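Next come two complexes built around subunit A: one with subunit B, the other with subunit C.
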Partner chain A sequence: MKTGNNSFLSSVFFEKDKRWLFIWVTALCTVGIWDVLFLNKPALGKVVTGFVNTFVIAALVVSFTLLIGWGLTIALHFLSRKKNKTGYIILTFFLNILRSIPQIVGVLFTYIAIAALITSGKATSGILIFPIMAVCMSLFIVNELVDLMRDRIDHFMKLDFYNAMRVCGIKESRIINFDILWKNSRIHIFNKLIAVFGSAIFLQCSVDFIISVGLSSEVNAVTLPVTLGSLLAKIDSKQDILAIGNTLTNPMYFPNLFFSHLLGVTVAFLIVFSLVCIYHISNGYAERHRL
Partner chain B sequence: MSIHHFNIKVATPQRTIVAIDDFPLYDNHITFLFGESGIGKSLLSKALYGLLDTSDLTVTVNDKPYCDHLNSRWACDIRNNSFFVFQEPSSHLNPLMKISEQLNEGSLENIDDTEIMEYLWQHSTDSTLNTIREVYPKPYRPSGGEKQRILIAMAFKKLTAFMENRDADASSFFVFDEPTGSLDNRYRNLFLNLLFSKFCKRHFSAVIITHDYSIISEIYNSYRNLVPFVHFKELSRIDECKVSVDDFSADDYLNWLNKSQWTDPPVSQTADNRVLEVAPEFSIFSRNLCIYKDEARTVKAPLIINKGSVVYLKAPSGIGKTTLAKIVMGIYKSDSFKMNLCGRSYNEKSHESLWHKEIWGKKAGMVFQHADESLNLQATVKETFDALKERMTVDLNTQLNLLFKQNIIDLIINKKVAYLSGGQKQRLNLLRTFALNTQLLILDEPLNGLDFVNVKKVLDLLNKLRLGGTALLMISHNEEIFETLIDKNNIFYLSEK
Partner chain C sequence: MIFITLLLAAFIAVIRTVNVHQEEHIGSKVKQFLDIPVTNADDRFQRALLEDAMDIFYPDQTEKNDTIVQEILSIKDDQFNEQLQKSHEKRRLSFKAFIEISLMYVKFLVIYIIVMLLTYYGVQTIASWRFIREKYAEHTHIHFPDKSLKHKITFSKSVKSFIKTLFYLVFFSPAYVIAYSIRTEFNTDSVFFMIFLAVVSNGLLITYTNKFRAFLISESRKGYIDTARVKNLNEQFTISDKGITPGALLSPVKNFKGHLFNHIFKNAHFQYLSTLKEQASFLITGLIIIEMALNIHGYLNYEMLRQILYKNYELVVLIAAYIFYTVKFTEIFTDYLMYREMKKYENR
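The block that comes next holds the complex of A and B.
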C-alpha cells in the first residue's frame, strides 16, 4: 500500500508539472539561502522587495484576468444571444482594439498613465499602485482567457449537453457558469492562468527594464514599485551581467559570480528560471490532464 | 462442444476496471452477449482477442501476464483466422484509404467480396457498389449504416477465408460488437441471415455483443433449427468491478413480450385531453417532412397525443425523428411548422423565449438519445439534480430509488457521472427528466444501453407515468418492444414528402 509520503514523492517524480514546481521552489529556496549568506544586506533587501513585488503583481494580474475574463465571457455570451446586437458589437470592437495592440506596447502605455497618476499625486501608496498596474496589464492579456472560455462554451453548445439541460428548465446562467465553465473547463482555465502568470512576470520585467534603462530621467524619477525588471536595469546588476559575459573569455572568473556579482546573477536567474519553470509547469499540467 | 474458460482482469494503476472469474467461449457456436452498456462486454472481448494496450492497462488472462495469452496457440490462431467488428465503425475505418483497399486488407485480395456486398446492400448494380468502394471514409460519407455494413463485409470476407482454410482444427473467434447498432431491422435481418448461412456451411466461434433483444425473436422465428448452436448470455455486475456471465433466458424475454401491452386509460379524446398536436407537414433544413398514420405512407395525419397516452414515432434511421422532437422542444428552428401544446399554439415564428418561459421543464421535457452527451459527466449524481430542486416533488433519494437500488444510490450519490456505467448514466438521464413532472415527455431511445432487468423497470415506470396522465412521445429503434406495447392506432410514421 502506498503511504502519503510515497505517493507525494512518486507524483513529484512522475508528473512533470509537480516536478517542475518542486524544482522551482527548491531553486528559489536555495538561492534565498545563498543570498542570505553571501549578499550584502541592502542588496538583499532590494532583491526580496523586487521578488515579492513582481510576484504579487503577477498574482494580482492572474486574479484580475480571471475576474475580468469571466465577466466579459458571460457578457459576450448573453449579448450575442440578444436580438439587438449593439452591445455585443461594441464589446467585441473594444476587445478587438485591445487584441490589436501588442501586449508589451499596451503595458508601456499603461505605465505612462500610472506615471501620470503618481506625479499628479492621485496614486501614491503601493497598495493602490499594485492593483492599478495589475488591472492595466490584465486588460492586454484577458483576450487569451476570453477566447478560451468562449471556445469551451461553443464546444458544449454544439453537444446535446447544453440543450438537454435547457429543456429541463435549468437556467442558462447556471449551465454556462457552473456546468460548462466551472465543472468542465476549470482545468483549461487554470492552465491558461498559469501561462498568464508567466506572461505577467515577463511583461512586467520587460517593461520595467525598458523604463528603467531607456526612458527619460523625469519618468524614471517616478517611484514605481521596485520589481525584478527594474532591479536588472540598475547599474550594479548590469555590471554583474557583464561579468557573466566575461566568464566566457575568462572561465577562472566564474566562481566570483556567486560571491562578487550576486545581485545581478540572482535577479537574472530569478527571472529566467521562473519563466522556464512556469513554462514547464503549464506544459506538464496540460499533459497530465490531457488538454 | 468444447468450451474455453477464461479468467480475465483488466486494471489501470489506480483501479481494477473489470474482472471476471469465468468467461466461457463456446467452440464453433454463436454466443449473443447482452448486458448494460459500460459493464465491460467490449473490454473483455478485446482482452481475449489481444487488442488491449498494456502501456495503459495491466491485463491478466487465466492469472498469467497478457503476453503469455498473446503468445498462446489459441490467440495466434484467432488472430490469423478471425475478425473484430468494432462498435464505432468510424474509428475502425482508415479515412486515408479507399474502402476497396480496406476491404482487401489482411491478405484478403483473393477473396471475392461482390456477393457479400451485393447482399448487404441489396443492390446488384455495379455502379452503386463501385461508388462505395471508391470512397474515402470521411465523417459523413458513407453514412453510419453504410460504414457498419462495410465492417460487416470485411468480417464476412475473413469468414469466407476461414471457411476455405483446410485446417480443420483451426480456432476462430469472430467478434461483432454492436454490429447492428446503426442498422434498421431489415439490414439487421440481412446480417443475421448471412451469418447463419455461413455458419451452416462451416461452424465457427462468434460472439455478438448487442443490446437488441429482438434478435432473440428473429432467431426463434427464422433459425429455430440453429438454436442448439446459439447461446444467449448476459454480463451482470457482482460488485463495482467484478462481473459474471450468466445464461440469458430467451423464454423469459419472449414470454414477457407476449404478455406486455399498454392499454390506453379510458379518457375521452376531446380537445381538453389533448396535450400535443403537431400538424402533419413541416419542413426544416429545406427538407419537407410528413407524418403518416399508416405504414404505407398514404394517409397524412396530425400527430396527436392525449393525456395518459403514448405515441410511437417510426421512421428509418436519419429521416428526422429526433429532428421533429427537437422542433417540438424549440431547439431547432423549422422553416414551417405548427403545433399546439397544452392548449397554446406555436409555429416557426414563435420566439425561442416562449419555450424557455412556458415549455422547458414546465409543460414538456425531453430525454436525449445519448446519456453520455446529455449529462454533465464532471458533476456528481447529486449535483445533476441540484438545479431541479424547485421542480422536484419528491426528494432525491426517492427519485433515484425509482431505478436504482438503495445500496447503489449510497455508492454513487457523490460520484462523478463520468464514473458510472453506460446503463447507470442512461437511468440517470431518464430520472432527471422524469423529476420534472411535465405533461409531455419526449423519449429519444429511452432503452439505450440498458440490460433486460432495467428495460423492464424503465418500461414499468413509463407505464406508471402514463397512467398518471403524462403524455409520452416515444422514439426508438426497439421496434419489436414498442410495437408490442403500444396500440397500433398510436403508431405514426415519418417520411420525406
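The block that comes next holds the complex of A and C.
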C-alpha cells in the first residue's frame, strides 16, 4: 500500500515539473543559508531586496498578463463577430504594433519613461511603481497569451459541442469564458503563464542591467527599484563575475568564488538557475498534461 | 508599415519643432539682443562696451539696460558652456548621421542574418540528433531490456546529467553574464564573439531546439508513420550508414531519403517555420541585449542607448524604425516561406 509520503516522493522523482520545482526551492534555500553564513550583512540585504523585487514584479507581470490577455481575447472575439469591424481592426492593429516591437526595446522605453516620471515628481517612487512596471512589461508579453487563447477558442468553435450549447440557449460569453477558456484551456493557460514568469524575470533583469550600465547618469538607482539585474551591474558584482573567468586559467582559484566573490556569484546564479528551473517546470508541466 | 513610417516621420518633425521652440524660449525676453557678438562674457571691456551701446540706443533707462546686459551675458555664458560640454553629444538627424546609422544598421542586419542561419541550422541538427538518440534508446529498452539504462541510476548517467545541467546553465544564461564571466580571458568586443554569444546565450538555441524536438515527437506519433512502416521504409534509428547517415544529419539542407525519419522531419519542419517569426523577435531581443549591455561601440543598439542618454530623440526614432522594419521584413519573409511550403503540400 502506498503512503502519502511515498506518493509525494515518487511524484517529485518521476514528474519533471515537480522535481524541478523541488530542486529550485532547495537550491534557493541552500544559497540563502550559505549567504547568511558567509556574505556580509549589507550585501545580503541587497540580494534579498533584489530577489524579492524581481520576483514580485514578475508575479505581477503574470497577473496583469492574464487579466489583460483574457480581456483582449474576449474583446477580439466579440468584435470580430460584429458587422462593423472597425473596433476589431483597430485593436488588431494595436496588438500587431506591440508584436513588432522587440520586447526588450518596448520595456526599455517604458522604463525610461517611468524613471522620468519619478524624477519629475509626477509619480512617487515606492510600492506604486511595481504595478506600473508590471503593466508596461505585460503589454509586450500579452500577445503570446492572446494568441494561445484565440487558438483554443477557434479550435473548440469548430467542434460540435459549441453549436450544441448554442442551440441549448447557453450564452456565448459563458461558453467562451467558462466552457472553453476555464474548463478546457486552463492547463494550457497556466503553462503559458509559467513561461511568462520566466520571460518576465529575463526581461526585468536584462533591462535593469542595461539601464544601470548604459544610462546610469540618466536613470539612477534611486528612481527604479533594486532588482537582480541592477545588482549585477554594480561594480562589486561585475568584479565577482570577472573572477569566474579567472578560474578558467587558474582552477585553484575556484573555491574563492564561494567566499570572496559571493555577491556577484549569488546574483548571477539566482538569475540563471531560476531561468533554467522555470523552463524545466514549464516543459515538465506540458509533458505531464500532454499539452 | 507605411502608416508606421509616416507616424515616425511625424514624430521626428514634432521633436524638431519642440527643440526649436525650446531654443527660442530660452532667450525670449532678450531675444532681439542675442545676435550681438560677445565672445567672452567675463571680459570687462566687452561688458562695458555693451552697456555703453545700450545706453546710446536706449537712453534714460540705465537700470533696465543693466539688467538686460546682465541677462544677455548670462545667456551667452550658458550657451558657451553648454556648447563646450555637449559639443560631442548633441546631434540632429542630418544626412551624415543618417548614413552613419544606416551603415550600423547594415552591420546589424548582417550579424542578424548570420545568427538566424546558424540557429536555424543548429536547432534542426541538435533536435534531430536528440530525437534519433531517444528513439534508439526506446528501441533498446523495448527489444533488449537487459542492455537498457532507461530506469537505472549509474555513475556515468549521473555525470552525464551533471554535464547536461551545466550546458543548460550556459545556454540559459543572459548574454551579459557569460560575457562578463570570460571577459578577462577573451576579447568580448569582436563580431565573432557577438555571433557566438547570440547563438548560445539567452536561451535561444535551447528553447527552439526543444520546440523542434517536440514537433518531431508529436509527428512521430501520427498515423501516417504506420503507413510508412507498412511501406517498408527504413526505420533504424542509428547514426550510421545502415540508419541515418552523419552526412545527412549534418547537411544544411536535410534529406533522409528512404528513411522513415524523412517524413517526420519534413512535417516537423513545416510546423517549425511558423515559429520563425517568434524566434526572429527573440533573436533581435538577444542582439539588442548583447550590444547594449556590453557597451560595444559602433553598433546600432549601443548607439541607440547613447542617443537616449544624450536625448537625441530624432536619432533614437530612426534606429527604432530600423528595428521595426527588421521585424516586419522577417515576418513577411516567413509568411512567404510558409506560403511556398503550403503550395508544395497542396500540389499547387
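What we mean here is this: the second predicted complex is superposed on the first by the 287 of 291 C-alpha atoms of A that agree within 3 Å, B and C clash if a C-alpha of one lies under 4 Å from a C-alpha of the other, contacts with A are read in each partner's own complex, and residues count from 1 in each chain.
In the analysis below, a residue touches a chain if its C-beta (ideal position, glycine included) is under 8 Å from a C-beta of that chain, and two chains touch if they have at least 3 such contacts.
Because the structure is a prediction, the values reported are computed rather than measured.
Trainee: Could you tell me if A:184 is touching subunit B, subunit C, both of them or neither one (first, second, both, neither)?
Mentor: first
Trainee: Between subunit B and subunit C, point out the one touching more subunit A residues.
Mentor: C
Trainee: So, does A:159 touch the first partner subunit B, the second partner subunit C, both, or neither?
Mentor: first
Trainee: With the two complexes superposed on chain A, say which partner A:100 touches: subunit B (first), subunit C (second), both, or neither.
Mentor: second
Trainee: Would you check which partner chain A:122 touches, where first means subunit B only, second means subunit C only, and both and neither mean what they say?
Mentor: Touch partners of A:122: none, neither subunit B nor subunit C.
Trainee: Please indicate which partner A:249 is in contact with in the superposed arrangement: first for subunit B, second for subunit C, both, or neither.
Mentor: A:249 contacts subunit C only, not subunit B.
Trainee: Between subunit B (first) and subunit C (second), which, if any, makes contact with A:85: first, second, both or neither?
Mentor: The answer is neither, since A:85 touches no partner chain.
Trainee: Should A:241 be classified as contacting the first partner (subunit B), the second (subunit C), both, or neither?
Mentor: So A:241 only meets subunit C here.
Trainee: Would you tell me the residues on subunit A in contact with subunit B in one complex that are also in contact with subunit C in the other?
Mentor: none
Trainee: Would you pull the subunit C residues touching subunit A in the complex into a rising list?
Mentor: Those in contact with subunit A are residues 4, 165, 168-169, 172-174, 176-177, 180-186, 202-203, 206-207, 210, 281, 284-285, 288-289, 292-293, 295, 302, 305-306, 308-309, 320, 323-324, 327-328, 331.
Trainee: Quick check on the complex: what are the subunit A residues that touch subunit B?
Mentor: 159-161, 163-171, 174, 178-179, 183-184
Trainee: How about subunit A: which of its residues touch subunit C in the complex?
Mentor: Against subunit C, subunit A makes touches at 97, 99-105, 112, 202, 205-206, 209-210, 213-215, 217-218, 232, 238, 241-242, 244-246, 248-249, 268, 271-273, 275-276, 279, 283.
Trainee: Can you check the complex and tell me which residues of subunit B touch subunit A?
Mentor: Touching subunit A: residues 326, 329, 331, 356, 360-362, 364-366, 368-370, 373-379, 383, 387-388, 391, 429, 432-433, 436 of subunit B.
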